[in-house]
Structure formats: C-alpha cells, structure tokens
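Each chain gets a letter, A, B, C, D, E and F, in the order it is written, and its residues are counted from 1.
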Amino acid sequence: MRLATMTAREYEDWVGGGSAVAILPTGAFEQHGPHLPLGTDAILSTAVATAVAEQTGAKVLEPFTLGYKSQQRSGGGNHLPGTLSLDADALIAQARQLIRGLLAQGVRHVVVLNGHYENTQFLYEGADLALRDLGLAPGAEQSVMLLSYWDYVSAPTLEVVYPDGFPGWDVEHGGVLETALLLHLRPELVHMDRAVSHPPAAPHRFDRLPVVPERTPETGCLSAPDGASAEKGELLFTQTVADLAAELRTELGL
Amino acid sequence: MRLATMTAREYEDWVGGGSAVAILPTGAFEQHGPHLPLGTDAILSTAVATAVAEQTGAKVLEPFTLGYKSQQRSGGGNHLPGTLSLDADALIAQARQLIRGLLAQGVRHVVVLNGHYENTQFLYEGADLALRDLGLAPGAEQSVMLLSYWDYVSAPTLEVVYPDGFPGWDVEHGGVLETALLLHLRPELVHMDRAVSHPPAAPHRFDRLPVVPERTPETGCLSAPDGASAEKGELLFTQTVADLAAELRTELGL
Amino acid sequence: MRLATMTAREYEDWVGGGSAVAILPTGAFEQHGPHLPLGTDAILSTAVATAVAEQTGAKVLEPFTLGYKSQQRSGGGNHLPGTLSLDADALIAQARQLIRGLLAQGVRHVVVLNGHYENTQFLYEGADLALRDLGLAPGAEQSVMLLSYWDYVSAPTLEVVYPDGFPGWDVEHGGVLETALLLHLRPELVHMDRAVSHPPAAPHRFDRLPVVPERTPETGCLSAPDGASAEKGELLFTQTVADLAAELRTELGL
Amino acid sequence: MRLATMTAREYEDWVGGGSAVAILPTGAFEQHGPHLPLGTDAILSTAVATAVAEQTGAKVLEPFTLGYKSQQRSGGGNHLPGTLSLDADALIAQARQLIRGLLAQGVRHVVVLNGHYENTQFLYEGADLALRDLGLAPGAEQSVMLLSYWDYVSAPTLEVVYPDGFPGWDVEHGGVLETALLLHLRPELVHMDRAVSHPPAAPHRFDRLPVVPERTPETGCLSAPDGASAEKGELLFTQTVADLAAELRTELGL
Amino acid sequence: MRLATMTAREYEDWVGGGSAVAILPTGAFEQHGPHLPLGTDAILSTAVATAVAEQTGAKVLEPFTLGYKSQQRSGGGNHLPGTLSLDADALIAQARQLIRGLLAQGVRHVVVLNGHYENTQFLYEGADLALRDLGLAPGAEQSVMLLSYWDYVSAPTLEVVYPDGFPGWDVEHGGVLETALLLHLRPELVHMDRAVSHPPAAPHRFDRLPVVPERTPETGCLSAPDGASAEKGELLFTQTVADLAAELRTELGL
Amino acid sequence: MRLATMTAREYEDWVGGGSAVAILPTGAFEQHGPHLPLGTDAILSTAVATAVAEQTGAKVLEPFTLGYKSQQRSGGGNHLPGTLSLDADALIAQARQLIRGLLAQGVRHVVVLNGHYENTQFLYEGADLALRDLGLAPGAEQSVMLLSYWDYVSAPTLEVVYPDGFPGWDVEHGGVLETALLLHLRPELVHMDRAVSHPPAAPHRFDRLPVVPERTPETGCLSAPDGASAEKGELLFTQTVADLAAELRTELGL
C-alpha cells in the first residue's frame, strides 16, 4: 500500500501500467486538546488513505505531517503551544513539486486526501501550479483530486455520531469525530480521562488577527469530545472509507 | 469615505486620531454568467464597504480588483473566458504589503471585506505575514479583521430572498444574491434579459484539476438568478450592511 | 470602455475578434501635497486611458491603484504619511500574471499606461516575464506596450502650461501638470486654497537611502502648482490623449 | 519518543522544562536499487533518531520524507523512476519554518539528523535562516545541530563491515551500509534475492548535467550490497547510535 | 583600493574606524556595438569607482558584472547576441544581501556606482530592502548612495565632447561617451576600425515587447561613436571623477 | 580568453561555431586568515579557469565574486569580519539565469569552475533549474559541468606539497594550497610575514548554528600555511590545470 516500501522497480511497473493512482494524505502538527496527540490530522488521513487504497488498488504516499497555520475558527489558533505550521509558500511549493514529479513520471491520478482544514486552498494552488508546469489542461488524461475525508461522512452516520444534533464541521477540532476515529484506530494515543466537557466555541463570522486567545476554549478543542467512542469511530471510518473508495472508483474509473 | 480622495494631510489627521479603521474591499475579475459583469465581486464588496463605512466612520481603500483563481466548485472554474486571476503569491504579497503599510503608519484596524470566495485563505496569509513583519502578537492594539459580506446575510433575509429554500453559498455564483444586489446598486450593469434559468450545478465533494468543463453549467453561473430583483437586493444590502456595521462597532469598539 | 462592466460573453466576443487591445492604467497611493488626493496617479491614468480607448476602440482594465515605492527624487519619498507602496516583487508578479492571462486568452495587445513614475521598470519586468511564460518572442503577433502619459505632452503644450519655462518631469509631483489635469477632470478633488507656492525641490544626481527628509519640500510636492488651471488641464488632457491615441493607432495598426 | 504522539500539554511541559531537544530525521523518496525500498533514507534516519532519543531523553519529530534531488555521484541521479525530489526552495523553506517554530516555542536544541546526502546544504540554509529570523547569534542558548548519521560509523566498525576495504561514502547508495541497516531494522523491506553484485560506479570529479544515464550502474546502486547482513546492520546501528548519543550528550550538555 | 585584495584584518581595521565608505561598481554583460567589448559597463564603472576612491579614501568592491535586461530604448534590447542579463529578482537579491552585509559589519556608507542604465531601479530596491532588514530609517548614521556616473558629466564637458550638440543620454549606448572613456582607459579593447557611423536610433516614447528588432540600428549602438577620442575620454573621465569625488566628500562628509 | 573583452560579433561567431565552451569561475568574499586577501577564492578559480581555457580553447566568464555563506567546518564561519556572503536564493538565481542565458544563445557547454567549497550545491541547483527552464534532458547536446579545482590535485602533487601528510581538504582554508597558489600567481597579495603557525582546527562531525566562535582558530585559517611556497604553488597550478584541461578535452570532446 505504501509507496515508500516499494522498490524502484515495483514503482516503475506500477506506473508503467498506465493507471497508477497515488494518494497523498495531508495533516498538520497541531494541538488537539488535552486528550489527542499533536499528529492527529496526519494519523487520521493516512489511515483513511490506506483503507481507501486497499479497496481501490491505489497506493499511498508518505503523509505531509506539517500543515498550514491553525486558524482560530477552525483549529483554535496558531499561537497555541504544540502547534507548528508552515507558511503558505512552503506548503504550496512542497505540494507542487511532489505532484509535478508524480505526474511527470507517469502516475495517472494523484488524490490529495486532506486531514487538516486549513490546508485546502494551499494544496489546491500547489496542484494547479503543478499542472501548469506540465501543461496539463482540461481534457488531459492525468489529474489531481483534492478532498477532505470528513466531507464523506454521510447524514445517517452523523445522526448516530451526534445524537443531539451535528454542531457543524467548523467546530470539529478535537471533538467527537477526531476522537472517535482515533479511539477506533489508535486507542493507545487517546486520553479520554483528560477530556473536558465544555460548550462549543462561540461562532464568529470573521477572522481576527492577532487572535483573541480567550475565544478559544481552554482545552484548545472547538467542541468537546463528549460521547466519542471506538464504536462511533468504527462506524465513521467504515462508512467514510467506503464512500471515498466508491467516489474514487467512479470518478477515476478504477 | 474613499481614502484615495483624501489628501495626505487629511489622511495623517485621520490616522493620528488613533482610531482609524480602513476597509479593504476585495473582489475578482471573473465571469459571472451571461447577465452580470466581470467586475461583479469588487463592485459589490466596494459598495458594501462604502455603506458600512458611512455607518461606522471607517474609510474605504481602493478595492483589489483581481483575485485568486476561480475554482469550479465556487466560481465555475479558472478556464472560462473573462476570468483573469492571480496566483497565490501575488495576492498574498499585495495583501501583506498593503496591510503592513497601513498598520505601520498607525491605522488601528484594517478590515478586509471580501467579495470573492476563493480569496479568503490568501488574504488571511497576507494579513498573518504583515502582523509577523510588524511583531504584532495577541494583545496588540492594532488588528486585522477578515470577513466575507455574505456571511452577514441573516436567516430572515434568506427566507425572503430564497422563498423556495436557500441552496447554500457554495452554488451562489452569478445567482440570486449577486444579481439582486447588483440590480439594486448598479442596475445598468445587469442584463436580466440574458439570464438563463437552470438547475444549480451538481455538488461535488472534491476538486478535480484540470477541471472537467462540462461540470460547470453553460451559463457559468452555479445557480440561476431566478427571482432576483432590485427589491431583494435592497433588502440584502440594507440588512447585511447594518449587521456588518454593528459587528464592526462591537468588535472594534467604534 | 471598462472591461469590468462587460459580461463574459461580451469579453469573449471582443477577444475573439482578434484585434482586442486592453489598456491597463497604473498609479499609486501616494501623498500629492496639500491640495491633491492620494489616488491622483491612478485617477489620471485611468482618465487618460478611458479617453484614449474612446478614440481607438480599446477597452480599459481596472487600474493598479498601488504602485512601487515613492522615491525622494521623483515623488517626495516613501516615508511620507499617506504613501502606501508595494515592493518590487508584488508589483512585478501582479503585472506578470495579469498580462499573461490577457495574452493567453487572446487579447492582441496590452497597453500599460502608467501614471506613477516609479512603476516603470517593474511593469517592464512583469511584461517581460509574461512574454517569456508564453514563449512570445520577436515576430509574435501579440505584444505589450508600456508608456507613461506625460511623455506625450507636446512642446507647444508645455509652452502654454509652463509659460516661465518647463522645469522638467523630474520635479513634476503634485505640480502644475497633475493639478491642472485634475482641475479639469475632477475639480471637486482639488483644494487650490491649500496649495502652497514654493521653489522646486533642489535637484540631486543621486538617490540617498534612508532619505534625508528635509530635502523634500514641506508640502510634499516637488514643484508648486502655481498657475495650474482647469483650462490648462483641458489642453493637457486633450492634446495628450490625441497624441496617445494616434500613437496606438500607428503602432498597433488600429 | 515521537512528538506527534504527545498531547499539547505534554509538549508544553516538555518545552517548559528548558532543556528540550528535538531530533528531526530527514530522508528522501529515492530509488535504492532493486532490493531496497524507496523510503530507505527516512526509514533509517528515523530509526537512528529514535534510538538516539531513547539514550538521550530527546524527542523525535516526524521525518522529512522528501529530499533534495538525487545527484548522479551520490544517489544515481534524479532521472531515475521512483525518485521524487524537492527543489532547493521548498526544502529550505520547510526546514526554516519548522526549526523557527520549534525554537520560537522554546525548544532548546534542534538536531537535524540527515539520512540523504544531497539534503545537507539546504538543511543548513534552512537552519541559518531560521536563526536569522529569530535573531539568534553566537552566544545564544538555543542552537541547531546538523549531522548525517554515517559520519558516526567508526573505523573499527568499517573494518568489520567492509572487510575488503571501505570504498568511501561517496559510493554508498544502496550499498552495504544501507542494506545491512535495513536488514537489521526492517528485514521485511529488503529483497536480498534481487540484489545484484557489480563493481562500484566509476568515480568522477565533476557533476555533469543533464546526467549521462549510463554512468549510473543499471541497478541504481553506486556500489553493490555484497556481504550485507543483519548482523553487520546491528553492529552499525548499535555503534553509530551510541556514538551519536554520546556526541549529543557532550555537545548539548544532556 | 580594492577590498578584495585586503586581508580580513585590514578590512576589520578599516570598518572599525567608523567612516568606511565602500563603492560598488555595477555594470552588465551586454553587446556594445562592433567596436566595444561586452563588459564595457562594468569596466567603466569600476574605473570611475577606483579613481573616485583614490580621491576620497573610499574602497572599491568587486563589480557586479551582470545587470538587468538590456532594453531596446536604452541598450538595444535583450534579444541581441552577447547580451546576458539577470531577471529583477536575482539583481535585487544580490544587491540587498551585499549591502545588508556591509552595513551590518559596520561600513558607514555604501555608494552604488552604476554603469548600466537598466540597473537603477533594481539596485534601488535592493538597497531599500537592505535598509528595512536592518531597521535603518531616516536619521540613521549609515546610508546608501545610488548614482550613475554619466549624471556627473558637466555641461562644459558635454560641449567639448559633443560639438554638434548632445543627443541625450537615452541614445548613449556604444556611442561617444563610452567609446571615448574606453579609448582613454583601455584602448586595447576598442576597435575603432570596426566602428560604424550611422544616425542615432529613432526615439520612441514607449517600450514594446517583444521588441521590434529592426528598431535597433544594425550595429547595436543607439548612436554612433563618431568623433570619440582618447582625449575626449580623458576629459570625460577626469571631470566626472572629480565631480563625483566632490559630491561624495560633501554628501558623506569625507 | 575573457568573454567580457570580446565584442558582440566575436561572441556571436564563437557561439555560432557550435562548440563554444564557457568557463564560469566562482569564488567568495571571505576572510582567509591574516595573510591572504578576501578575494582569494575568485582570484584562484579565475586564474585556473584562464589557464585551462588557454589549453582547451574555452573562454572565461567574469567570476562570481560573492559566494554562499562561509561555514565553520569549511571556511571558519560566516560571523567573521570580512566575510560577506549570499543567501542560497541569490546564488541559485544568479547561476540559473546566467547558465540559462548562455545555453539559450547557443553555448555548447558551460563549465562552472568553483573555488569556494560552500558554493557547490547551490551552483548545482542553479544549473539544474536552468536545464529545466530550457527543457534539456539526458541526451541533449548541451551540458553543464560543475567541479572544484582542488579535486584535480593529484596524489603525487599532494605528497610534494604536504610532505608531512595531507590533512584533508576539509581543513584547507587559508592553508597551504591556497597560500602556495597565490604565492605563485599573485605574490604581492600574500603577507607571509603575518602568517601564523597553528595546529589545524579540531574536526567536528556536525555543524552547529549559531557557530561556537572559539572553534575557529584565531587566525581564521582552518590549517596553517606552514611550508607554502611559490614553487609548490607552481606545481599545484601546473598539474591541476593540466589535469583539468585533460578532463575537459575528454569529457566534452574538445
């Protein structure tokens, strides 16, 4: 599944087949409250990518473990201890150069599977510039897909996972989704005994910089992980992976 | 209202007062369907900014009339004739340098009032780098606010403007909101006779690059402007401006 | 005249005709003495561009309202309140990307009509890099013209406008030319009652950085607007526009 | 050991102690002959880093899994399938921003433990720029150490590992060192049955670009892994880690 | 005179005196007609700098021998064989970093003595950014002066050198000034027998890109070197150097 | 020999012959102990390049007189007075643009002849990017060679020059090699009376930043020039030049 464990010959054969799909998981190094590890985003996106690869025949690249700056409205803010981020230029350049390299060597499709909200637009720019570098325009056989795994959580799953109502992805940082998934996938990394119950962060319709620190709950989570469980995590994971795999099969003709 | 029409002395006096708030409207040069002009985004954000300034005592900068690349899911795509965009680096640099200059000269708060969805993250990066350049950290008296005007459209307004249900901001490109606002503000620029009714663009949970052109409706709009009227535009404008002005007053202590 | 007010279809038809000429006015946000507004440069270049477009069938882009740093010998200096400038990189990138986009979409000629002295070389670099990006070399049908409008003021006009002798463009900042033109075009923005008569700034054959502030006259003007009038402005405007239009017709075969 | 598995609070406590040492393993995605995986460099540097951390109390960052371009004299060349590299700018920016972030949050020392020869100078530049950003000059308490693990292989170890004489690090790419280490650490990733015996690549005193492909042995290895064994790997690993740990203790006063 | 021939200790003593002035000659690698060498600009600016240093006690840096792109109106154009130029970014970065280094080490004033017209604005930007890097603002004791040596040719000299009237610096490329100076300074590099008499290039008030090659005279000179002589060169050199030295003494208090 | 002294026509003829080889000497502005000048590296590489050119028919470009930062292990460190360096970006850009220009104009081979250890990887990156810009891939007729002259000092020469054993190139900074060469080539620039005998700098297997100043010998040399003589310099020069010329003839088919 992992390209980094293949030999060059195996890689060459895989690419030479003409239908190679590489999945790039992306995350961040970011505080995730008192109960989740700093690497949560890349751990989750890599796990999802691996499972999707198993179902689709795609291969998985090593994850981007550094992401764009945590923003207060979506990640608590870049000022918090334990959050180490890239500026836009480094993230764009890294994505551009890796995607360009993959496509130039013949990989048919690169799927960027994002696990850190703030990355999206910079990964998009990296992909766009890679395509420009290679002169790939509409109609080209090669392509890049860019998505975030939580967009594949279905409505029925949401109802089960959030029985009191889904508060919205905007406050899902260190909340039920990430906690449940990690309880399912890497329970030894979750400290539910340190989890704190608190109301979600008050929503704002604007970004303010420098951030006003007290607007982030003391835990650093934008919503509490109340009710997160390994069972919910398994449901989330299984359903999301299945839908993502189906999307890739349909979209890329796998 | 417009800083560009003030003299240097007037500017100096304004800044010297210690509570100067400058609003930067941002837009794009982007196709907006058969009935709206290419400059729609900056025209609208500038009009909103000007009205907000009237109600708050803020001043308005000349708009950014070029924006980040139009994306297929939010603007139809950057491949369409009439869409001329900046790469991330130019937009970030321009925002960074202008914001840095304003704050360095003593402007208390810079409000970036965005009118083109795809700009947001790059304006954020520009603001963040400007603050880093100046060493402004949490607790500083100066600040940047970044917002998009449509986030201030209220639920009651949505009910009036979209009596059959609000389709979501994700397909609002050349649709009812922008059309109504422009019918109210600059009716001579709207060609309702060329407007085409069609179902909204099918939603996708991923970006694909290069774009698949046929996924953008032929009009270039992501939803049709059916039912847009100057009256709805007036309602949208009045309510949004009032709420935005109130937000600024509260947030910035005006 | 203004491309931003056209629809995408109108733009497409215009470009499709094969002889589309787009004029890009460029200016700055810069102190212009006690009597002229900060946006003078872009206001003037946009007015000239619009009039030239009327006479030639060209279309006008939204102006660049931010320019390169004001230099003491040509604009009084970048240290003065009210002057907000771009570094070279941002101005070059913005020009490069816009010009590249226009030519890539089929615009035949882009005319950069400059109204701020310090911009010239950076606009040139932007144009040069855009052509390199597109592989346009001598012999190509598409081109970029770069000019500053004051280079089209004729000798007879100078004699009328400066009856006591033309002091040279190097001290024309907030002086007779700009004042007269604005009196003709936007009299409500000119405060002749605040204008101060003083000798021109002493010439220097070198730039010194950091600037020596006292070398800029207290007004911020490099020469006084003594004798500026709307009539002179009309003469300047009419003659310059006519000669510029003639130049474009000849050079570009309009 | 792995910082990514710590919570923000644990990270904060660790940094707050005032003597936090973070080790950054760096590698590449690069062909390593028919018998070793593409991710060899980062796998090895991460394993060494982890063992050194165990002996010194340091913590380990997630590795850089992409490196600078493979060069023909040290890695076979960047033209080979399976080699995906970064340009200098992306590698420098990534190192600079991560190191700056760590030091700014209070990490006392950052040890960059390199596993891909070509990375060195670009990591150095990243570190140097990070220190400049933070104003850290000689005498500062915080520091960056940059080293490559093979420089800690001792002469006695070399004699055991290369009984016929050490050919030099310059042809160690996919050779005995890397093969033996991986046989010790991750035997399931090594395909000794595919290893090919061949003389080392002929040495050159110059780089030539574009590369002359036939100067790289067909295997992509610069020397054959003849005689590599898990036992040699264990010796290499144990000795190198011990000496590296001793170096860190001495140099950083751990 | 030449800093590059001093030892580190001598350099340190010189800087430590508190009044060190370093002159940086800048030029280009550019065609200069059939009779002058490609390195003309740096040869001349270095010779002038050395003579000025002799008269003022300043020291001379190694010249910048590559310059910004030759422009058709001032240098014939960048398309001509033998012209090898830098983009703006490289020239700006080089100037910025060298000037920053000199000032950071204690050099009191850096005089950039330019010999290639097109360099000016990019050297200015480099100097400006170096000052920003160091936080040097108006009132600082350290400074940068930027000038082009031909601006110090006096009116009486012009009358002697151009008895039929001075055609203007804009067409001085490979003309009388440069030819005479080189005849005086390095006669062995001048091929007067290959010089061609022709009328000056027709003036244009605009830049056009891509250039129209036939607008540059076939020689590549913008005006002919008719009448150039070593005697005129000596006059030009002696007078210019004297005036430049006087300017430095006055301006920098030497 | 020197391209800068040729006329454009001579350059054109040279390039037009189809087998033009240009040698680019590169150096630094760097302290070289109490007895050698700051410009040592470029003086030596230029002298070597010129002699090689004489023996091969190649031509010599003006040297890069500024180099990458002096590193403590190879040059004493960038903190020492008299050392003025470029960041990676400026050096890469300058090399890229010059090499691109030479190859684009038809020069067959560019030989970068380095005289400053720390430059190597950045010159490599510049060359690599130039080739990418031009689309030159393996098999192309044009090429870049990159080498450092000391790699051509032969074993027999080393035995003569270092009768007590060769300490290694890593401590050759201001030592016997450079001193002897300069005594041979430019004796007037060497101050043997100021040379200090001291043991070589203690070796380190790591870089530490910020540097620990006391690890550089007080002289700034990494080894003493004991025993350097003009005779040894002549031997070094003659042998190295001969072998380098032979290498170029063989490799480039001269």
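In the analysis below, contacts are C-beta pairs under 8 Å (C-beta built on N, C-alpha and C of every residue); 3 or more make two chains touch, one makes a residue touch a chain.
Molecules present, by chain and UniProt name: A, B, C, D, E, F = Creatininase.
From a predicted model like this one, the values you see are computed outputs, not experimental measurements.
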Among the remaining chains, which ones contact both chain B (Creatininase) and chain E (Creatininase)? C
Going only through chains that touch each other, what is the minimum step count from chain A (Creatininase) to chain F (Creatininase)? 2
Taking shared residue numbers divided by all residue numbers at the interface, is the value for chain A (Creatininase) and chain B (Creatininase) over half (same) or under half (different)? same
Here the gap between chain A (Creatininase) and chain D (Creatininase), centre to centre from mean Cα coordinates and rounded to Å, is 27
Could you tell me the distance, in whole angstrom, between the mean C-alpha positions of chain B (Creatininase) and chain D (Creatininase)? 47
Starting from the mean Cα coordinates of chain B (Creatininase) and chain F (Creatininase), work out the distance between those two points in Å. 55
So chain A (Creatininase) residues touching two or more other chains come to 87, 89
Could you read off the chains around the ring in order, chain E (Creatininase) leading and chain F (Creatininase) following? E, F, D, A, B, C
In the complex formed with chain B (Creatininase), which residues of chain C (Creatininase) make contact? 2-9, 11-12, 15, 29, 31-39, 42-43, 62, 65-66, 80-87, 89-90, 93-94, 96-98, 101-102, 105, 189, 191, 194, 220
Touching residues of chain A (Creatininase) toward chain B (Creatininase) in the complex: what are they? 68-69, 71, 78-79, 87-89, 92, 118, 120-122, 124-125, 127-129, 131, 136-140, 143-147, 151-152, 205-213, 247, 251
